[in-house]
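Look for chain A in each of the two complexes below; its partner is chain B in the first and chain C in the second.
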Partner chain A sequence: MSQVFLARADVRGALVGLVLGLALALGLPALPGVGAGLSLRTLTVCAIYALAAAGVGVLYGRLGLVSIMQIGLVAVGGWVTLRIYHATHLPFEVVMVLAALVTAVVGVLVGLPALRLSGLSLAIVTLMVAGALEVLVTYAGFPNGGDGFLGRASGGTLAAIMPRPALGQSDDDFFRYVGVAVVVVLALLRWLLMVRPGRTWAAIRQGEAGAVSLGVNTVAHRLFALAVTSAVTGVAGALLAASSGILDPASFKAQQSVLLFATVLIGGVFSLLGAVIGGLLFYGLPQLLSTVGVDGNLVFVVLGLGLVQAITTTQAGIAGQLGGLWRRLRQPRPRRPREVTA
Partner chain B sequence: MSRLTLSGITVRYGGVTPLDDVSLAFESGVCGVIGPNGAGKTTTFNVLSGFALPVAGSVDLDGDDLLAVPAHRRARWGLRRSFQQEQVVRTLTARENVLLAAEHSGSPAADVDRALDYVGLDRPHRLGAELTMFERRLVDIASCVVGAPRLVLLDEPAAGLDPAESEQLLGLITRIPEEVGALVLLVDHDMDLVRAACGTVAVLDFGRRIAAGPTLQVLGSPEVRKAYLGIDEEVTA
Partner chain C sequence: MNLLPFVVAGLVIGSVYALSGVGVLVLYRTTGVLNFAHGAVGGMAALLVWQMVELRMQPPVAIALGVAAGAAIALLFGLVAGPFLARVDQLRKAIATLGLALALLGLMLFVWNDKARTIRLESSRISFDVAGARVNVTQLVCLGLALLVVVGTLLALRYTSTGTSMRALASDRELAAVVGTNVRLVENTAWAISGAVAGVSGILLADQTRLEPAFLTFLIIPELAAVVIGRFVSLWLTLVGGLAVGVGQSLVSAWPTVSAFSTAVPFVVATIVILVAARRRVVTVRVVRT
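What follows is the complex of A and B.
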């Protein structure tokens, strides 16, 4: 079908999000006071995890699929990025795209047998996958310029790190680089949600039988969703690898995937703003707690309470509540009728 | 003139046989499939939609073997279906809902507006969640007539509607064959609707066909009145 139908309100919302996102990405480092609570480096990693959060959010909010392997896929994206870079020294942007593609393939291969499952079963299977990926990266380590398939430096070889991309050498520039990359990827995802694939995913979430009767090949569209969200998560892995040039397997524990899912639920699964909030809660909140002298592990308690609040009060999370507040503020207040005095 | 033939259809779920060697034939227009709860009406629709696989029998529409077509390809083949519980996607607009049906059945996008005009839905840019039950039923009908359907299955399309709304829906349903040339099968418990909409009707009971023919003649037969309407001629006479 050649024609593309977009609801006007959707396009307006997406454009506003795009402009605000770009302004924030480019302008934030220059704002006075930035770095007082959370360092720019922390905010950079928060933005990166917003991509992983977007993957979880789209799968759950648009298709009703509970995937708890996203941090494992971030590790896959990071591993592939480092491996390809050390083998080829291609520009980072090319490596990032290749890492996204490989992560998409891994996501689809993992998802293929799991697609017959749904709900809790799928959640448990994907959590097991996250556990398996954690074991794999712990065993294999992340490539650091060595030989062989695993690319690990050993013996007399010196470990190498991957340099930051040419346009993001300083912390400020790297924040801008990551910010623009995140906004562009989220914008592409938003566009996808507004056109045929997004409509089709919404139909699958509404009801499998109804979708099939419309002519939807539900398996193919679920796999496509897994491929897209895995690719987005692969980009997160690539950017994370670029931030410090090397990755630590300890950052990719399976329990982190559970935490990410929780933060996305609190942030809101029905909008990409929810993913950004999820990224901030996932990586920024523990850092903030540490900054104020509170044990970072308390984050589980704080997020647990947040999750209870999110599930019991609103399915749309913080993003949904902010949206509701915005709509209420924009609505003209009904005038109180004047009292008639005799 | 379309002709749909189901021959010797048997469906088994473990020890249960919801359809037992059922043979039915329908020709053009709006045809009814009626029977008490558990008679096999929805299972018949599920066989036609590809959700239930018969262990025996065949389905033929104008020479095409429908059972050979995978479930998700049947919309492209020309099958449309509405469900007892309407399936309008709440997070999409009414127009996007009809567009979905057009996109996945290989129908031209321009046909979406024709389908919406046909049902007369006001402000189709509203989200599915904002529509009334009647408006959702209209979206269902619009999705069923978009493109070039050959066979339209309507499963209790008037469920939850008031008499005036049912009347309006009846007008839309009866015009489908002349509007798009499709054969329409209607399952409903509302006998007034069935009587007004259907030229012919088939009656199922306990997974078997107990009667078929012109609607008024079938509804008047003692066997049907006893099995379905609960009126026992001998006792009441």
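What follows is the complex of A and C.
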């Protein structure tokens, strides 16, 4: 049985991805040129945003749901992490799981009314939530050890920051910590896509009427998907909070959510590799451009036009094209039978 | 507390939301594209007007050129992306315009950065008192224009040949093409008209609120709320919705304790409307046409 299981193409692909991901997560800081401060920190944040991107990708690629509020949910995850930490001083791993749960609840509550209508209403409602969350986050700020529900220290008191987890104190260790966490969460997501919930989601995406006729409760399954992806996004928020110990409302604007959606579609929504590419495009590309000296705002133009192009012509995104290339390299076209010459 | 000034301001902003929403609605009904870039097109027009006035151009000429620019941007997108978008479902059409919004926002931030600017229309300098609230001519123009556009659109859809073609496309695109409607021409007309409407409302909103790329781009949120209240079909309900959202936001911002939450008003209103409107989710089996 395990032989059959291992022979499945998707299982092998997932295992190769798992091994490659772990190797990258553990080995990358040791590479010369990467280990030096700034670029490693950029890659750490890229890896964190790959989680948020995976949430968007699974929702759109597997269920056809458009959620434009994911950066807002990252902010929610980060806020809850900092709030719980400053209130209880629990170990970071416990705080991270709690933040994931709270973010899942928020995501479900927001999606619940819209899911009863068409997919377009979810897109509209999530865009509105993205706008509202931006303002709420700017208004409330992020907890920094102060009093009251908002936990904001002001005036004479010094702002407290959340220390990094015990296993990831230095930049190198923290990258490994984030890398392993990201790979583990992505592996769980991949597993979920291969077993029953994933297949049910695929059935809903194929045709809602067919899924209903098979006895699938489509609203419940969509809510479950929203809960799972929101939890994943909450983990991203927790890791982001841990990376610097304090968060800035300016990095959670509504346009960032739209940008993340664009990068995921360009990266590819049908595989988790696309999510990783999306994370790199989302955070790495602007950093790279500003190092070269190009105005970072041009990223919006490039990725915006890329989104239009991805929607109209290349549904599978960059990851899909890479996959196609790999398959063509693996299986060279059958040679034409040599013509018999006289 | 005298709430009248807040009600007046809310009505004015709300009427521009409604005006803009009419542009979104006409385009959506004609082409099936829900244009998330509507606010960005308006922002672009407003910034162009600001730039041209800075370059010592006569304000009326600048405004006319700004509105024309809005129409041109929308028309260009319709011309280039329209044929591709015709083949994908409604959700993907809407997402593609999200890309346009992002591109326009990036362009605005690149050219003009995100400094707060102001644009003062000549008509805003003339003002008078109405029952204790200060009203200027621009605000009257906003209210009048919204009413005019709603009535005008209704009449145009009813009595002109282009309007009839638009209604034909709204009910069945393929069938309209079969009976000889020039689908591409009608769609491009809808793009240009909605772009011009976006330009007008963008300039008015920039005068009434503030001239800032990201802010104007995301004014699509209350505008969409107006369209949602109109249930994606009714022009009158869109007008009512725009006014309701505008007054709601303005009243919430009147109390200091809750004023920070005024941008959440469109979300709350739209969610309530969606909850009330959706009695039962209908699953339809689509007939595949090739």
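Note that in this section the second predicted complex is superposed on the first by the 313 of 342 C-alpha atoms of A that agree within 3 Å, B and C clash if a C-alpha of one lies under 4 Å from a C-alpha of the other, contacts with A are read in each partner's own complex, and residues count from 1 in each chain.
Note that contacts are C-beta pairs under 8 Å (C-beta built on N, C-alpha and C of every residue); 3 or more make two chains touch, one makes a residue touch a chain.
Just so it is clear, the structure is predicted and the values come from calculations on it, not from any experiment.
K.L.:
Considering only touches as defined above, state whether A:N217 meets chain B (first), chain C (second), both or neither.
P.N.:
The first partner, chain B, only.
K.L.:
In this superposed model, does chain C or chain B come into contact with more residues of chain A?
P.N.:
C
K.L.:
Based on the superposed arrangement, let me know which partner A:R196 touches: chain B (first), chain C (second), both, or neither?
P.N.:
After superposing on A, A:R196 lies in contact with chain B but is clear of chain C.
K.L.:
Applying the document's definition of touch, where does A:A209 land relative to chain B and chain C: first, second, both, or neither?
P.N.:
A:A209 sits against chain B and chain C alike.
K.L.:
Give one of first, second, both or neither to describe whether A:R41 is in contact with chain B, with chain C, with both, or with none.
P.N.:
In the superposed model, A:R41 contacts neither chain B nor chain C.
K.L.:
Between chain B (first) and chain C (second), which, if any, makes contact with A:I311: first, second, both or neither?
P.N.:
The second partner, chain C, only.
K.L.:
Taking the stated contact definition, name every residue in chain A that is touched by chain B in one complex and by chain C in the other, in rising order.
P.N.:
On chain A, the residues that contact chain B in one structure and chain C in the other are 209, 212, 218.
K.L.:
Can you list the chain C residues touching chain A in their complex?
P.N.:
Per the stated touch rule, the residues are 34, 36, 81, 84-85, 88, 90-92, 94-96, 98-107, 109-110, 214, 217-218, 220-221, 224-225, 228, 260-261, 263-264, 266-267, 270-271, 274-275, 277-278, 281, 283-285.
K.L.:
Quick check on the complex: what are the chain B residues that touch chain A?
P.N.:
It comes out as residues 49-51, 71-76, 79-81, 83, 87-93, 95-96, 99-106, 108-109, 125, 143.
K.L.:
Please name which positions on chain A make contact with chain B in the complex.
P.N.:
That would be residues 1-3, 5, 7-8, 196, 199-200, 202-203, 205-207, 209-210, 212-218, 270 of chain A.
K.L.:
Spell out the residues on chain A that touch chain C in their complex, using ranges where they run on.
P.N.:
64, 66, 68, 113-114, 116-121, 123-125, 127-129, 131-132, 135-136, 139, 208-209, 212, 218-219, 253-255, 258-259, 261-262, 265, 295, 297-308, 311-313
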